[in-house]
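Just below sit the structures, each encoded as C-alpha cells.
Common to both upcoming complexes is chain A, partnered first by chain B, then by chain C.
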Partner chain A sequence: MTLTQMGSRKRTTGFRSRRRWELFGLLFPGLLGIFVGFVLPVFVMFRMSLNTHGTGGQLVESVSLGAYRDALTDPFYWEVIGNTLVLGLGCGAAATVLSYPLALFLVRTTSKWKGVLIALAIAPLLTSAVARTYGWIAILGDQGVINDSLMRIGVLDAPIQLSNNLLGTTIALVEILMPYAILAMISGFGRISPSLEEAAGSLGASKLKTFVRITLPLSLPGVFTGFLLVFVLAISSFVTPRLLGGGRVFILATEVYNEATQTLNWPLASALSVILLVVFGLMIAVYQRLIAKFEG
Partner chain B sequence: MSIHTAHLSIRNLQKTYPKTTAPAVDDVCLDVAEGELVALLGPSGCGKTTTLRMVAGLLDPSAGEIVVNGKDVVSTPVHKRRMGMVFQSYALFPHMNIAENVSFGLQMRRLSRAEAAKKADEALDMVQLGHLRDRRPAELSGGQQQRVALARALVIEPTLLLLDEPLSNLDAKLREAMRHEIRSIQQRLGTTTLFVTHDQDEALDMADRIAILNNGRIEQYAPPSEVYDRPATRFVANFVGKANFLDVENVEKLGNDTYRVKTNEFGVLEVRGVDGLDPTRASLVVRPHRLTTTRVDESVKSSRPASIGEVIATSYTGNVQSYEVRLNESAVLRVDQLTDTLRDLRMGDRVQLTFDPAEAYLVSDE
Partner chain C sequence: MWKFFNQVLVTVVYLFLLAPIIAVVLISFNGSAKLSIDLGSPSLQWYASMLMNEGFIEGAKVSFITASIVALVVLCFGVPVALAIARYDFRGRSFVSGLFLSPLLVPTVVLGLGLLLVFQPIALTGTYAGIIIAHFGITVPYVIRTTLMSLTTSDVSCEEAAKVHGANSWETFRRVTLPIISPGLIAGAVMAFIISFDEAVISLFVAGAGRTTLPVEMFRYLQYRSDPGVAALSVILIAISVVIVIVVERAVGLRKVMNS
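Moving on to the complex of A and B:
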C-alpha cells in the first residue's frame, strides 16, 4: 500500500467513526424509547416468570422454572396453546384468502376511485374492535341475525352455535383483521408488473396458467406478510375472544388475563406470556425462511 | 428452429382508448411480407406501442382487421396467437432462472420437459448465453436480459416476432451491437418481424421497410432509402435524417413526379417530388450533406443553382463538420460535410452554397 492510500484510508476511517457517533446520537432517543417501552418490560416479565406463586397466593422471589412446569404439564394449557394456534392459523388463512382478490384488485385497478376504494377497504379500522365485536355478537348470537332468519324460513329448528366458541371468534376476528391483511398485500403486490402477465400470455399461457405460474408465486411474499400480521394480531387479541367467546374460548391471551387478574398468579401469567412470545418468534422464523426462499 | 413464418396484413386498424376522443391509432394499413423486418417509427406517443399490442393480442382494436396468413386473428386471444413479443422492460420472470424463462413458452405448448430444456438450451446458445442458464434475471446485465427476452420469444417459433423499443434501455455501444445481432438472427430464422422504435438510425439500419407514424397515422411506408431520399411529407423528411426546407412558389407539374418550382434563394429549379401533392402546400427538401460550400473569394461560376450566405454557426462531430449558413432573413440552411481541414470555414465567412437539383425533393407540407 502506498503512502497516499494509507493517508486517505486513515481519513475515511476517521470520518466513518465520526459519522458513527453522529448516527448513534440521532438514534439515541429512539433507542431509549424502545429500551424503556419494550425491552425493559419484556425483561421484567421474563424475570417475573421465574418467581414462584406461594401457597397463600403471595409472590415468592426466586429463580425457578416452576411456572413453566405448571404450564407445560397441565393438559389444560396444552389445549389453550392448541386453541391459540388454531385461532391464529385459522384467522391467518381465512383473512389471507378473502383479502387476496381484494388486494389484487385494488393494486391493479386504474379507476379514478382507486384511492377512495383503498381508503374504504381499511376504513373499518376507524371503529374500535369492541364495537365491531358487539356487532358480530348481534349477527352470530343464538338469537342473532343469522340464526333468527334461518329459523324463521325453516332451514333450522334450533340455533347453530356461532358464538361463545372458537368458530364465532374466528369469524369476527377475520373481519376485524382483514384490513391489515389487505394493506400488507397491497404493498407486497407492487412488484408484480402487468407486463410479466402479458409476457406469459404471449408465450401461450392461459389466464389460469398465468395466475398459477406468474402472479401467485410473485405475490407470495405479500401473502406471507399478510398472513403473519393477521396471525400475530389474532393470537394476541383479547377483546374479541373474551366478548364473543363468552368465557368459553380459552386462548393464551385470555388465560394470561385470568391468571394475572383473577388468580393473581403472576409468575404463571408471565410464563404464559413468554410462551406466547415464543410462538410469535417461531412464526417469524418460519416467515423469514419463506420470504428468503421466494424473494430469491 | 424451423421457420413458421407468416404474412401479416393490418387493415384499417383503429384504436380509441376509453374516455379519449382522438384515436391513438387511426386507420393504419400495413402489409408485411414473409421474412420481412418492418420498423414502426415515430415520435413518442404516436401510437407505435398501441399498434404492436393490438397485433400481439394484448389490446382489442376499436376497428379493423389483423390478418395473419390469411386469417383474421382479432378475436383470437393472446395465448393462442403464437406471437413472440419482446417488451421494452424485457419482462423476464424474476422468480425463474434463465433456462426456465426460456422454456416457459415451450412448457405452455406442452412440450415434454426434456424437449423443452433441449430447445431452450439451443435458443440460449443462439444468443450466446448458454453459460448463464442457471442465473436469475436480476443477475444479468441489461444487454444479457435483452438477449434472454429475445431467445424466449424466438424459442416458441412464433408466427411473428414483435419488438417494442427493445434497445432503448441499452447504452449506445451495446445498442449498435444488438441491432446487428437481432437483425442477423432474424434473417437467419426468416421470422417476420415488427419492430417498434423512435430511433431513426435503428430503423434505417435494420428494417426492410419503415412505416412512419405520426399522430396514429402512417405518413409513409417504404424501404429506408426511399424514406430518406423521397420522403412523402415534411414530417417524414424532418423525422428521418436532417433536412433543410426551402419555401417554394409557382409550383408547376411537369410529369408524374417532376415539378418546376421557384425558390427565393436558388431561383427556378426542376426537381422531383411526391406525386400528386398540393402545389400550394409544398416545400423543397435539401439534405444537409447534399449541399456543397465554396468560399466566396474562390468561388467559380457554377452551373448549379447557387446562393451566397454567411456562416453563423459551426459544429464538429469528428468525421462530420456542420455549418449553419444564413442566406437571408428567413432561410438558414444546415450543411454537413466530411471533415476537411483545407475547406475549414469559420464564423462570419461568406460562402456560396450549391446543390444538384436532382437530389432535392418536393414534399407536401401536411
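Moving on to the complex of A and C:
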C-alpha cells in the first residue's frame, strides 16, 4: 500500500465519521420530539389499559385485561362499537357517493375556473371543524334553518329531529370529511386515460355502457381510498359527534373522552382507545387487500 | 340532457359542501339571538360581543402564541430530518420516514388521551409547553412532507458544485439548499400554523383547567349555549384562513402542498 493510498483512506474514514455525526445531529432533535410527543404517549396509553380501576376510583398498577373485560362484557360498549361502525360506514358511503361526480367533474373540466373550483371544493378543510359543526347546528337544530323555514311555510307543525342524534351527526360529518374523499379521488382519477373511453365510444358503446364498463372499474382504487379516509376519520372524530350529538350520540371517541375526563377511569379509557385502534387497523388491512386485488 | 343532469348534481354537491359556511356568514349578522337566519334587521352586535368576550380573546392569544411557536419548532426539528432522509443514505431510513408520518394514522382522541396520561403526573396540562409538545406530532409530518417534496424535486448538482468549490455542509445548506427549498418550508410552516391553530381535540385533553386555545374555548361555549356570537367568531376565523390560503397560493401554490 502506498502512502497516498493510505492518506486517502484516512481521509474517507474521517469524512465518513463526520457525516455520521452530521446525520446524528440532523436526526436527534426530531427523534426526541417524536418520542416525547408521540411514541411515549401511545406507549403509556397501552400500558395504562393493563392497569385496573379500583373500587374507590383509585388507579391500581397491574398487568391484567380487566379493563378490556369490563368494556367487552358490557352491552353498552357493544352498542357504542356498533354506533361507531354505523357512523363510519354511513359517512364513508354517503361521502363517496357525493364526492364521485364532483371529483370526476373536477378532473375532466376544461373550464378556466378549474383551479378556483378545486380550491372551493377543498377550502372547507382549512376552516375549523368547530366552526363548521356550529354551522350544521344552526342548519339542523330544532330552531335551525331547515326546521324554522319548513314550519314557517306550514309544511311542519313540530320540528323534525335532525340534531342530537346519529342522523344529524352523519350529515355534518359527511360534509366535513368530503374534501378528503374529493382529494383522494382526484388523484386517483387523474391516472385514468381518457383515450380508453374514447375508444369505447368510437367502437359503439353508449355513454352509460362506457361509464359502467370502463370508467367505473378504473376509478375504483380512488373510490376505495376516499371511502377508507372518510371511514377512518369519521370513527375517530370527536368534536362533531359531541356537539351535534348533544351528549346523546355515543361512539368510541366520545366514550374515551368521557372516561378520561369525567369518570376518570383511565384504564377503561385506554382500553377503549386500543379497541378503536383495532377497528382502525382492521379497516386499513381490508383496504390494502382490496387495493392489491384491483391493482395487481 | 346527460350533461345538464351532471351540472345540476355538481351544483347541489357544491351547495352541500358550502352550506355550513354560508349559514354561519348569514347568521353572524342576525338581528336577534335566534339560531336561525333572521336578517329582518341585520346588525353587527354579535361581532361586538365576541370582540369583548374575554374568554375568546384570551383563547385567541394562546392559540396565536402556541401556533407560532409550534410552526417555528416544527421547522427547526423537522427540516433537518427531511434533509437526512433525502440526502443521507443510512440504515433504518424508511423506518425513520414512516415514524414521522405515523402520528397522522392515530386518531386524535387516542393521542390526546396518551398525552394527558403523560402530562397529568408532571403538571404539564394547561401550560404553553404542554400544548406545544402535544401539537408537535400532528404538525411535523406536514413540514417533513413539504420539505421532502422540495428536496427531491430540486437538483443535487448545485449542492455538489458548492461542495466541490470548498463549501462545508453548513455553508452549502445555508447558501444553496435553503434558498431552493424555502417555498416548501413556508408551505409546511403555514400548514403547521393552521393545523395547530384549528386543533381542538388534543388541546381539549391537555387543556385541563388551565390555559386553553380558541377552539377549546369555542367548544366549551357551544356545549352549553349556542347563539349567533360563535357565528361571528367563526366568520372572523374563516376570513383569516382565506387570507392565509390566498397568500400561500400566491407564494407557492396551495394545490402542490395539498397533493404532496
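Remarks
One rule holds for everything that comes next: the second predicted complex is superposed on the first by the 256 of 296 C-alpha atoms of A that agree within 3 Å, B and C clash if a C-alpha of one lies under 4 Å from a C-alpha of the other, contacts with A are read in each partner's own complex, and residues count from 1 in each chain.
By our rule, a residue touches a chain if its C-beta (ideal position, glycine included) is under 8 Å from a C-beta of that chain, and two chains touch if they have at least 3 such contacts.
Keep in mind that what you see is a predicted model, and the values were worked out from it rather than measured.
Of the two partner chains, neither chain B nor chain C is touched by A:Leu173.
Of the two partner chains placed by the overlay, only chain C lies in contact with A:Arg132; chain B stays clear of it. Of the two partners chain B and chain C, more residues of chain A are touched by C. Using the contact criterion defined above for the overlaid structures, shared-chain residue A:Ile122 touches chain C, although it does not reach chain B. Contacts of A:Ala205 after superposition: chain B is touched, whereas chain C is not reached.
Of the two partner chains, chain B is the only one touched by A:Leu196; chain C is not. Of the two partner chains, chain B is the only one that A:Arg213 touches; chain C does not reach it.
Applying the stated contact rule after C-alpha superposition, one finds that A:Leu87 touches neither chain B nor chain C.
Once the two complexes are laid over each other on the shared chain, residue contacts for A:Ile275 go to neither chain B nor chain C.
Interface residues of chain C facing chain A in the complex, by the touch rule stated above, are 2, 6, 9-10, 13-14, 16-21, 23-24, 27, 34-37, 73, 76-78, 80-81, 83-84, 88, 90, 96, 99-100, 102-103, 105-111, 113-118, 133-137, 140, 169, 194, 197-198, 200-201, 204-205, 215, 218-219, 222-223, 226, 230-231, 233-234, 237-238, 241-242, 244-245, 249, 254-255, 258-259. Residues 19, 22-23, 25-27, 29-34, 36-45, 48, 98-99, 101-102, 105, 115, 118-139, 141, 143-145, 148-149, 172, 175, 178-179, 183, 187, 207, 235-236, 238-239, 242-243, 252-253, 256-257, 260-261, 266, 269-270, 273, 276-277, 280 of chain A are the ones touching chain C in the complex. Per the touch definition, chain A reaches chain B in the complex via residues 191, 193, 195-196, 198-206, 209-210, 213-214, 217-218, 294, 296. Of all residues in chain B, those touching chain A in their complex are 56-58, 77-85, 87, 89, 91-95, 104-105, 108-109, 136, 152-153, 156, 162.
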